[in-house]
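Per-chain numbering from 1; labels A, B, C and D assigned in written order.
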Amino acid sequence: MRVRVRLFGPLRDVAAKAEGWRELREGDCVGDLLASMRGEGGLPAEMLAASAVAVNQEYAERGRVLMDGDEVAILPPVSGGGCES
Amino acid sequence: MRVRVRLFGPLRDVAAKAEGWRELREGDCVGDLLASMRGEGGLPAEMLAASAVAVNQEYAERGRVLMDGDEVAILPPVSGGGCES
Amino acid sequence: MRVELVRERIDSAALLREIKVGADGAVCVFDGIVRDNTRGRRTLHLDYEAYEEMALKQMRELAEEAVVKFGVRDVAIVHRLGRLMVGETSVLIVVASAHRGAAFEACRWVIDTLKKTVPIWKKEQFVDGAVWADGEKFPEEIVGVGE
Amino acid sequence: MRVELVRERIDSAALLREIKVGADGAVCVFDGIVRDNTRGRRTLHLDYEAYEEMALKQMRELAEEAVVKFGVRDVAIVHRLGRLMVGETSVLIVVASAHRGAAFEACRWVIDTLKKTVPIWKKEQFVDGAVWADGEKFPEEIVGVGE
């Protein structure tokens, strides 16, 4: 089965090549996908650790089992809303 | 000595005649002025009890001694600012 | 610090535009509007009157105190007097600040304090008559004459 | 409930005008502005990008949740994307309510939650280079992948 990986913000700047469709085994979860991406070395571990994951535009936990066609977005800490923090 | 009495909002509606310059004795305080006005019967006691007093545009206590030429305003509870309470 | 009593419509957009400078990150606005009803009775219009000299003085003090108390950069307070129709702005408070927390807190404090202390009164015209609003009980530090 | 991501200037006045209806007594607005500096470094401009489909979904959920949670009548959330200059509005939140307390609380909650959860990112251009903002740590209910 295949899922589509999307990266945003600082993560895409450092790892744009990691975007796109990837083959997974049936039953693989979010954590499995991340482990394999981390193994390839394209995504800095510290950035991954601070990031959240969304599956089909909803935040998802690491244990979430992926399905064929899912869109998996890896989201570094967000910074919308202005400059007034 | 003389002070100028001003009324506002609902108080003026019921007692406009009580406005204007009034003779007081030297040393009279806000409380004395109010007592004499209450005595004349023009100002409803319940409205006076809920009101604040300002002398020369600053809130003042009952014990505040009045001076010749002072402007004494009797202010019913205020209701500015909109309709969102 | 722009502090005004006005008799014409309040131009919220102009006030917002005017107040911003480069150092601001946040602007919080409170827009108090004439509602179409008070406890279910249909309002036709409102008339606001003020002890103008004192109200302006108090509003200026509020703006200055908000800057000191909350560390915001600028505060504008504009209150309208005279006859207002449903949907019109009776008071506009604009607070500009580097930080949003201070902007919200200052804005809230200004409207809460204004409603209790600034000498402005509202008469409500209903279909069946006009009445003065009850008003807010004065805070203890403003000693009531009957106490 | 107007929820939008836009690439042109945000027209605060139009949004304010649009949202008011007769039953409202209070409107609270939060206007987030591009500051001229970040921790003292002079900002030239900002670029905002978003995971647009998800950001819109999240913003819609925020607006709906604010109405339920605080009992306000209407909420508008508009965020700008692309390049913004100093002094321009990056986000505008407008809350209309019968009561001011709810308006303030809902408005504050929306901006606080948006900043932690809506997938939008900001790159700051300084005279000596561009960097992505650090961003807000995700809340615990949004489980980080490394945890």
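The working rule: contacts are C-beta pairs under 8 Å (C-beta built on N, C-alpha and C of every residue); 3 or more make two chains touch, one makes a residue touch a chain.
Nothing here was measured: the structure is a model prediction, and the numbers come from that model.
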Shortest chain-hopping distance from chain A out to chain C: 1
Geometric centre distance via CA averages, chain B-chain A, whole Å: 70
Mean-CA-position distance for chain D and chain A (Å): 24
Sites on chain D at which at least two other chains make contact: 25-26, 32-33, 35, 98, 100, 103, 111
Junction residues of chain B, two or more chains touched: 82-85
Arrangement of touching chains [line / ring / star / complete / other]: other
Every chain pair meeting the contact rule: A-C, A-D, B-C, B-D, C-D
Contacting residues of chain C [partner chain D, same complex]: 12-13, 16, 20-33, 35-37, 86-87, 98, 100, 103-104, 107-108, 111
Chain B - residues contacting chain D, complex: 82-85
Contact footprint of chain A on chain D as seen in their complex: 32-35, 38, 43, 46, 48-51, 53-55, 57, 79, 90-91, 111, 114-123, 132-138, 142-147
Complex contacts: residues of chain C adjacent to chain A: 25-26, 97-100, 103
Chain D-facing residues of chain A, complex: 6, 8-10, 13, 30-31, 34, 45, 48-54, 57-59, 61-62, 73-85
